[in-house]
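Let me begin by presenting the structure, written as C-alpha cells, before commenting on it.
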Amino acid sequence: MTLANDTPTALSAAAIAQAGSRRLQRLAMGVFCIFALGLPFVASGYHLFQFAQVLIYAIALLGLNILTGYNGQISLGHGAFYAIGGYAMAILATKFDVPYWATIPVSGLICFVAGFLFGLPALRLGGLYLALATFALAVATPQLLNYRGFDAWTGGSQGLQLGKPHAPFALPLTSDQWLYFLCLVCAALMFWAAANLVRGRIGRAIIAIRDHPIAAETMGINISFYKAMCFGVSALYAGVAGALGSIVVGFISPDSFGLFLSLSFLVGIVVGGLASIWGVLFGALFIEFVPNYADQLSDLFGESAKALPGAIYGILLIGLMYLMPTGVAGVIRTAPGLLSRLFSRPKRV
Amino acid sequence: MISRRTLLQAGAVSAAALASGLRPARAANAVGVTEAEIKIGQTMPYSGPASAYGVIGKADVAYFKMINEAGGINGRKLNLISLDDGYSPPKTVEQTRRLVEQEQVAFIFNSLGTPSNAAIRPYLTENKVPQLFVATGAAMWNDPKNFPWTIGWQPNYQTEASIFGKHIVATKPGAKIGVLYQNDAFGKDYLTGLKAGLGADHAGLIIKEASYEVSEPTVDSQIVSLQDSGADVLLIAATPKFAAQAIRKTFDIGWTPVRYMTDVSLSIASVMKPAGLEKSKGVITANYGKDPTDARWKDDEGYKGWAAFVAKYLTPADLIDSNAIYGYGVAATMVQVLKQCENDLSRENIMRQAANIKDLELPMLLPGVKINTSPDNFAPIRQEQLESFNGESWSAFGDLLQG
Amino acid sequence: MSALLHQIFSGLAMGGIYAILALALVMIYQATHLVNFAQGEMAMFSTYVAWEMIDSGMPYWAAFALTIVLSFIGGMLIERIVIRPFAHAPVLTIVIVFIGLLLIFNSVAGWRYSYTIKTFDSPFPDKRWFGNTLMSSHESGAILVTFAVLALVYAFFRFTPLGLAMRAAAQNPASSRLVGIRVGWMLAIGWGLAAAIGAVAGMMAAPIVYLDPNMMLGILLYAFAGAVLGGIDNPWGAAIGGFTVGVLENIAGAYVVGPEIKLSVALVIIVGVLVVRPSGLFGRTLVTRV
C-alpha cells in the first residue's frame, strides 16, 4: 500500500531522514536501556516505586494508543479495563491463592475478553458516540466496584489489601528493586509485541481502518473483526498494567479508579503523541510526575494557593498542548522538517 | 557498595528500612527531629473529587504556624509538609513514601481518606512510623493490637449510627426506618453501625435503603422512593449538599418522618439554612463539636478563639467551614501530644504519648467532651451528644453518650 | 401511583436543566463538531458570578441579565485566547485542552469561593402554582425557561442571518469565507452563546442542587448523554434527550435496579439506543462519501 503523495523525491528525502533518524533512534534506545537497567542500583526505593508506576502507566497508554492512536477509536474509559485487571489480580491472589506473577497474564486475558465484548457493540458507534459509551464505562466502574452484591469479592469500598512480594530465588534485591524489574520486563515484552503488531499486517490493517474505513473494507479488511480485536488487545494492555499496579501499590479500592484516571490516560497518549510507540513513555512520565510538580508549584504561591494544584495542572496541560499540539513524539518526528522550514522561511513557522 | 550489598542480604526488606538503617546517627532515636524543628508529613486531596476536604490541611498548616509564631514546642518549630494526593490511593502511597524516605518526617499526621489511609497503613506499620489522627471516620483505626502505629481521632461513623439505632429502639420501637446513604465507605459504615445499634432483634426495622453517588446532581428521586416505602424514620448519612437536599425534599413532598442526620452535615450555615430553617426543624443529630454558625456559641470563649484564629491565619470563608474547625481541633491535639513528648521525640515515644492523652478538652469541642487515649484505646473522641434542631440552633437533649 | 408521578416530575425538573446544558453543548458542536467538556464548569463559574452580584445586593433579574452578558463575553474570550491557537491541531489535542479548562475552572472556583455550599435564589415565588404538589414553583419555572431557551436557539438558527451564517461556517468553512462570512468570528460567537446558555443552565440548576464547585460535573454527564441520545446536531433532539435522561434515570433507580447502579443502567440503555440508531433518536444520518 503506497500513499498517494509519495512522489519519488519525497520518497528519497524521507529515506534519508529515516536512515538518520534510525541511527538516532538506536542511540536513544541504548541510552534508555542503560538508564532503565542501571536505575535500580542508584535510585532510592521511593523513586523506584515512582518509576515502576511510570512503566505501568506506559503499558496502559500503549494499549490505549493502539486503540485510539492507531485504530482511531476514542476511549475515555480505559481506566475501567485498568480496574478490571487490577481487581482480577487482587481477587485471584487473595481468594484463590494464585501466585502474584501468574495473575498478570490471567488478568490480561480477562481484560482481553472484556474488551472484545465491549468492542462488539461499540463497533456501531463512531466518534462522539463511542466517546460517550466509553465515558459511561469510566463513570460506571467505581460504582460497580462499590456494588454491594460484589462485596464478598471486591472488598467493597474498603478495598483489598495485598502483601508486598519479595524477590524470588534468593535474588539479592529489595522488593522495590524486584518490583521495578518485574515491571520493566513486562513493559519490554509489551513494547516489543506492540511494535511488531503495528508494523505487521495487522497494524497496516488497523491504520487503514482509521484513515479510510470504506476503502479498507473494499480491500477486503474485515473491519468489525479488526476493530473488536483492537479493543480486546488494547484492554489486554490495560489489564496487564492494572494487575502490575495492584502488585506494586499493594492495595486496591474503587477510589483508585475514578474518572480522572481515564482522563489521565487520554492526556498521556496525547502528550506522548498519538500513534507512537515510544511516545507513551513521555506520556507516562507526564501523568506520573506533573501532578506532583503542580502541587509543589502551588506551594510557591503561598498558603492560600494550596487549593490550586488542579488549576496549575490544567494550565501546564494547555501550555504543553500549545507548544506541542502533536505531542512529544510529534515534535521529535517533525523536528528536522521544522528546523529546515525555520531557516528557509523564517516568517512562517 | 559492599556494605550495602551485605545489608541487603542481611534481610533488610524494604528500601525504607534500608534508608533508616544506613543513617544510624539521625535515625537511632528521633527521625525528622532536630534542635530547631520537627518535620511532619501529611497527604491531602487538594485536587480531585474530594478537594472540599483540602481545607483541613490548610487549617493544620495554619495552626502550626500560629504555634511556631508563639515560639514552637520546646523551642522546636513544627514543619508540616502537606502533599496533594488527589484522593487516589496509589498516589497516597507514593507521596507517603516520599515523606518517609526522602523528607524523613518524624511521623504522618492527619492524612485524609479511608481508602488512602488503608493503603499506607501496612507500609507505615512495617516501618514503625506513627500514623496519627487519621482524618477518616471509619471504624478500622481503633485496632492497637494489629496496628499499633495507627490511631484515629473523631468518633467513628459506626459508633454514631449505633447511637441513633439505640435511640430509635428506645423511643420508637415500632419504627419503620428508611436510610439514605452515600455509596462509599462513609455511607456504608453508617448502615453497618445502625444495624449494630438496632441489635439483632430490631434489624428488621430497616425497610428501605437508598444510596446515591456523589456524582449525582440530586437525591430527590431517592427521597421519593423512601417516602413511598412507608418509612416513618429517615436516617440521612449524606455529605452537606445532599443532606440539605434531602431535608428540603422531605418537607416539600409533605413527608414528616423523624429525621436523623450525620454530624458531618450539621452546619447551620451550609446545610440547615440552604435547606430552609423552617424545613429543618426537628432534625436530630449526634455531635461532639461546636457549630460555629450556631448562635448559642456567639459569646463562647472557644468560639471567640476560633474566630480570632481564622481572622489572623485563614480566609473569611473558612470561619463557617466545619472541615476547617476539624483541622483546628486535630492540630491542637497533635500539639498536646508533642508537648507531652518533652525532649524525647523518638517515634516510639511520640506513639506512646499519642496513646496517653488524658481528659484533653479543646475550645471547639462541646463542653464535657474529652479526648482520652490509652494503649488499648485508639479512639480519641468517643462521646457524643444528641441534639435536635429548633429552627434557629441545635439544642442538646439527654446525657452525653459514650459510644 | 403518586410516587410514580413524583418520580416522573422530579425527573422532568432535572431533565429540563440537562436539556439547557445540552443546548449549550449543541451550540459548540454545531460550530466545531466537538463536545466541550468544560461547558459544565464554565456554567458553574458563571453561576458564582451571578451569586456574587446578588449577594452584593443587585436585584435578581439584573444580575441574571448581566451574568448572561458577561458569560457571552467570557465565552468569546476563551475561544479567542485559549481555543483559537488550536484551530489546526488534532481533535484529541483540543479535547485535552477542554480537560485543562475543566480543571482550571473547578479548582479556581473552589479556591475563590470555597467548597461550602451556597444558597442560590430562585426568581420564582416560593408558592406552588395552581395547587401543584408534584413540582416546586422553581422546578416548573425552570422547565418554562428550558422551553424559552430552546425556542430562542431554534429561532436563532432558523430565522436570523447570523444563525444562518453560523450554520454555513460550520458546514462549509471554505465556501462561507468566499461569500464573506467571517468564519473565525462565527466560532467565537458560538462559544459566547454556548457560555451564555450554560449560565442560564447553572442559574436554573443552583436553586435545586445548591451552588458548589462540583455542582455541574454530574449534570454535564447527563446533558452529554441527553444531547447524544437526542441527536447532538439538532436542538430539539438534544432537549428531548435531556428530558428523557432525567426521567429514565429516576424510573430506573426507583423501580428497576435500585439507585446503586441506576446511573450505569441508564447509560447502558442510552448506549443500547445508540447501537440501534447510531446518530441519536432525532439526529441526521451522515452519508460518507468515498
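Order of writing sets the labels: A, B and C. Residues in every chain begin at 1.
As a convention for this text, contacts are C-beta pairs under 8 Å (C-beta built on N, C-alpha and C of every residue); 3 or more make two chains touch, one makes a residue touch a chain.
Being a predicted model, the structure only gives us computed values, none of them experimental.
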| item | value |
| --- | --- |
| Identity of the chain that, by mean CA position, is farthest from chain A | B |
| Winner on C-beta contact pairs when B-C is weighed against A-B | A-B |
| Mean-CA-position distance for chain C and chain A (Å) | 32 |
| Separation of chain A from chain B, taking each centre as the mean of its C-alpha atoms, in whole Å | 36 |
| In chain C, residues with contacts to at least two other chains | 103, 107, 110, 221, 260, 263 |
| Residue numbers of chain A (touch at least two other chains) | 139, 143, 146, 148, 304, 307-310, 313 |
| Overlap residues in chain B, where contacts from two or more other chains coincide | 47, 49, 51, 54-55, 183, 213, 215, 315 |
| For the chain A and chain B complex, residues of the former touching the latter | 44-46, 48-50, 53, 139, 143, 146, 148, 156-159, 161, 164, 166, 172-177, 245, 249-256, 258-261, 291-292, 294-295, 298, 303-304, 306-310, 313 |
| Chain A partner contacts - residues on chain B that touch it in the complex | 5, 8-9, 12-16, 18-19, 46-49, 51, 54-55, 57-58, 61-62, 65, 82-84, 86-91, 93-95, 97-98, 100-102, 113-116, 118-119, 122-123, 138, 140, 183-185, 188, 213, 215, 315 |
| Chain A residues touching chain C - in the complex, by the definition given at the top | 68, 74, 121, 124-126, 128-129, 131-133, 135-136, 139-140, 143-144, 146-148, 214-215, 263, 266-267, 269-271, 274, 304-305, 307-315, 317-318, 321-322, 325-326 |
| Touch list for chain C against partner chain A, complex | 35, 82, 85-86, 88-90, 92-93, 95-97, 99-104, 106-108, 110-111, 221, 224-225, 228, 232, 260-261, 263-264, 267-268, 270-272, 274-275, 278-279, 288, 290 |
| Chain B to chain C touching residues, read off their complex | 47, 49, 51-52, 54-55, 183, 210-218, 220-222, 224-225, 227-228, 240-241, 244-245, 252-254, 267, 269-271, 273-274, 315, 317-318, 320-321 |
